[in-house]
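Chain nomenclature is as follows: A, B, C and D, assigned in order of appearance, with residue numbering initiated at 1 for each chain independently.
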Amino acid sequence: MQRFALLGAGFIGSVHARNLHLNKNIDFRVVYDVDGGRAQSIADEYGLTVAPTIDAVFDSGEIDAVLIASSTDMHAEHLRRAADAGVAALVEKPIDLDLVQATEVTRYVQASGIPAMVDFNRRFDRNHNELKRIIDGGEIGKVELIQMSGRGPSLPPLEYLRVSGGLMRDQTVHMFDLARWIVGTDPTHVFVTGSALSDAQVAEIGDIDTSVATLRFEDGTIAQIDSVRRTGYGYDERIEVMGSDGLVESGRQQVGAVSRYHGRHKTTDGLHEGWAQRVEATYATALDAFVNALETGSPLPNTLDDGLKAQAIAEAATRSLRTGQLEPIIYVQ
Amino acid sequence: MQRFALLGAGFIGSVHARNLHLNKNIDFRVVYDVDGGRAQSIADEYGLTVAPTIDAVFDSGEIDAVLIASSTDMHAEHLRRAADAGVAALVEKPIDLDLVQATEVTRYVQASGIPAMVDFNRRFDRNHNELKRIIDGGEIGKVELIQMSGRGPSLPPLEYLRVSGGLMRDQTVHMFDLARWIVGTDPTHVFVTGSALSDAQVAEIGDIDTSVATLRFEDGTIAQIDSVRRTGYGYDERIEVMGSDGLVESGRQQVGAVSRYHGRHKTTDGLHEGWAQRVEATYATALDAFVNALETGSPLPNTLDDGLKAQAIAEAATRSLRTGQLEPIIYVQ
Amino acid sequence: MQRFALLGAGFIGSVHARNLHLNKNIDFRVVYDVDGGRAQSIADEYGLTVAPTIDAVFDSGEIDAVLIASSTDMHAEHLRRAADAGVAALVEKPIDLDLVQATEVTRYVQASGIPAMVDFNRRFDRNHNELKRIIDGGEIGKVELIQMSGRGPSLPPLEYLRVSGGLMRDQTVHMFDLARWIVGTDPTHVFVTGSALSDAQVAEIGDIDTSVATLRFEDGTIAQIDSVRRTGYGYDERIEVMGSDGLVESGRQQVGAVSRYHGRHKTTDGLHEGWAQRVEATYATALDAFVNALETGSPLPNTLDDGLKAQAIAEAATRSLRTGQLEPIIYVQ
Amino acid sequence: MQRFALLGAGFIGSVHARNLHLNKNIDFRVVYDVDGGRAQSIADEYGLTVAPTIDAVFDSGEIDAVLIASSTDMHAEHLRRAADAGVAALVEKPIDLDLVQATEVTRYVQASGIPAMVDFNRRFDRNHNELKRIIDGGEIGKVELIQMSGRGPSLPPLEYLRVSGGLMRDQTVHMFDLARWIVGTDPTHVFVTGSALSDAQVAEIGDIDTSVATLRFEDGTIAQIDSVRRTGYGYDERIEVMGSDGLVESGRQQVGAVSRYHGRHKTTDGLHEGWAQRVEATYATALDAFVNALETGSPLPNTLDDGLKAQAIAEAATRSLRTGQLEPIIYVQ
């Protein structure tokens, strides 16, 4: 039984809170947020203690692990605190928007020896996982060509976009991680082109909302990733992997199985309204995998280094947007 | 090369004419219709001779086979003429609406020794054929439960319905034949219930437009068949067969592979507009199978006896509609 | 906040226990089972009191509602106890296998005035619900023809079958309820034929494992329902409703959205392993609807009378199996 | 009625021959091939005259149009002959592998005033056409992101690859044309990366068999195109277009509608065996569109200039493969 504290009680914090409560191997005890009212509300729902300060979380000595769902600019600080306290950490991506600082904190945490994992929750999606299992089982031979789409339903608020680090670092980074995970090696080069099509203000803040990225791997494998902020038709995520001996696809996920036939058309349920509905179950699965690793002492399913590598790809991708060239990806040591 | 005459130049005759023209093993020579103008129009299109009388078709001595697509009440007479002339015959169903007369002409034709086949074209549908191949290959074990739908898009003209023999003899008979073909034995009992829902005039002429039939086979296998005259959403035909070791389905056939995602729905192409569009290709395949049997001397894929048996089921089905009981099926000897 | 006791701590009881625990409007307090050890195990998991006797459940005065998941032969007795105690009741189907006794207890409960509902959980399936919403919204016009399949993956133990009341009363009864719910009126006649195909012992105990039922409604609407105990390919449930203006289908539900293309085939995820996996979510939804009705005082989504009517159809269906006739359905007053 | 000659009697010539024969507005008269035996074989099948020389085709004065299906290196010469003879021409792509020479012959033909069209047959695919109709009807708003796949089942013979001009000019050029057609404007830049993965000999001849291309349009629209020589699972072609108001897809086309459920999987028919099976119908439709334009004097559905533009994109794409940069596309004037 792992005793947990939750740092951050915003939207994603409340998703995590429910999963922390339901997990049978977790003793969910404490919640902290800079906004005490938000923390109290979650504490009331699940019978928790509200920590008045971040110090109070770690000084109690009654916590085995923290789930860091605080604002992005606090991730690095909270990781250091966990390392200092010898407490395991599951952190929302990114480690830090600045790759240099993300690297520094990663090395600091690694030196401390605490178990630490970035919450790349999409790796835990039921269908993506099945796709990975099929590939690893050799059913499609050697991976040769990947096609991935990650498309959100509507433009997030501009205030969010301004601090997001841009499309590559904020959204496509999930797909960069999945590409590494699927292929099993690190891509060496990336090319990206993008446009701001949904709203003129996106261009004004120097960002894009529609893009196509191409990754190259050492052995000639190629991955193509499109990212979109606003589809208008729901949350659209799809992975397709062609190998030397077949193709496997984790397809678009429709909400239901109801079909209608009228006149000349068949109409069925469409996609999930947003990413939250689509990937909801993955947070519980990722958390469960983290806790199982803690309980059994087995290796974590992913590490802070995975976080750094996905960020390194996002950096090169952002550079490619500017240069119009296939850019080498520079992984930090 | 088989020299063919076509008897009947109406709608279905014109479908056959095109297939007779395109088939490489057929020398399509003559067309006959009581309406000489209709015959001439087809003759002009394919470079044929118009036979002025039915005698002229058979007396010429230049014909190896006839395709009988004349009006239903002429089928028996034309079959006898073919038997007398020693010419092979492919006849549209039914042999005759009256089962006793159908039996008589069948025996007469069989005594003559000519090859004769009822054009149960649905057996030649690409997908139904594949379903049959899978079942015969043992992939789903022993057949236990069949579900079939045959649903037309709109009510045929009342003049047609008045002479059609009723829903069971006119439309469901195709499915009765398919059920025998799939199971490989003859059903022993049938129960049917039906309603007239699309138009009050259907009830007035003593017919129904919506029905569910249940067939029982000696070994306990059960088949369910629904028949509908008017769907409003196109032509809907579907066969599903459950066996002791799996299920196989020849599914609804959508016209195309175009999908649209808008808001909360996905919209795709619907079904074929009518049966003619849906089963068009089966006429050519059935004709080809008939000609191949003539050319090679191999057994015909189906015979007049198959026609009689499907009609016998339709007779018992019509009786069940009146009695509300599971009726035994009486096959003629 | 409704204070609940759970009666019955077997397999289905443990499913209910989890839902009682998670529901925010429920204060889950007490569990009772004739097997005290089973009750204790659930009590430990959710922090409950174990009631040593059935009296202890009702005498405490601290319970607003009971969920009756005890063995079928105890349902009637537990319903009477709830009525006597003035406590609301949600009861697993059937009320009682004997329709006369089921009617008596229903009238007794109704006289007491307590809210009481049969847990016809399939009405709460997300897709069936959407189908119902579409029909009620008039999108397919007047309902004319229904096709339903309910097929279990494997034969239940013979000990279970012996006390189940037979296929119609045990399994098809769910579909009889759904048919009434979809059409909005009560069927007047039923015809059924069935076979024992999966295991010779099924016939020995006088039961069947494969059947096709046909229901007729006053206005000519027809419903066809097939029921199977053993598919070999998972749990297969499907509802299709044709109306005067289109068709709506709550289709087969595949477990996932992973597809593979190899050689000449595409392979995708199949169906759920069993009914428990397929309908799991419906229990929580049904419970939620029950509690909401208690909290708001609004009408229950279904009542004991719905249970009686579905059972009355099952009785006539069982009779039809013997007579081979379309049987009138006799609803008790 | 247009009197036609067919130039070239190889594999694709024989496909065209059948369509020329079946088209009701075509009087198919003459066939020519450098290999007289091949020409004779087609002449025998359709009752044609074999032209002994190319001069004989054009000097007869009895021809209104030619279908040029000769070897690629003869296309330009045959186009010039048609222009000199004042005979309409439908030519297989490419006009000439050398873009400069293709441009010269295009200008020469245009100066002659004859109607001339490149046979970009994929524009005439039923589903791609429906996709185009939906987009042009404004149903998905402004086009923003396109994803296309064109993947062949197996590596063509190396002798063919050696003279093909490389993957971009030979195969991807079809998709470049479709991208222009869908968007309605010309892309300005292209980036491509590719690998030789199926066979070491592909790299030895300086070609690739797996690639991802990205196109940019003036208004920010982006298209992604992957091309593969060897899938191992059949011919895979797919187009997906996201607009500001929805998405439309011309999906993978499965051969049939047969499904099987066994154990934990559903298996359906896979894709067409090769491109010939998949796009067979498009040749007849394209030919029909060409003939209709000749008969009615309406504009041709596509022109030699469309051929030049698709080739210009392929040239820039081939350059990008070398430079690793987003390359400007230089359209000839």
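Quick note on the criterion: a residue touches a chain if its C-beta (ideal position, glycine included) is under 8 Å from a C-beta of that chain, and two chains touch if they have at least 3 such contacts.
Everything numeric here is computed off the predicted structure, so don't read it as measured data.
Of all chains, the one whose Cα centroid sits at the greatest distance from that of subunit C is D.
Taking A-C and A-D together, the pair of chains sharing more C-beta contacts is A-D.
One finds 58 Å separating the Cα centroids of subunit C and subunit D. Taking each chain's centre as the average of its CA atoms, subunit A and subunit D sit 42 Å apart. Multi-chain contact residues, meaning those touching two or more other chains, occur in subunit D at positions 231-233, 236, 245-247, 261-263, 269.
Those residues of subunit C whose C-beta lies close enough to touch subunit B in the complex are 141-142, 144-145, 147, 149, 151, 189, 191, 193-198, 210-212, 214, 216, 220-222, 224, 226, 228, 231-233, 236, 242, 244-247, 324-326. Within the complex, the subunit B residues that touch subunit A are 231-234, 236, 254-255, 261-271, 273.
Taken in their complex, subunit D has these residues touching subunit B: 22, 126-127, 130-131, 134, 139-140, 245-253, 256-263, 269.
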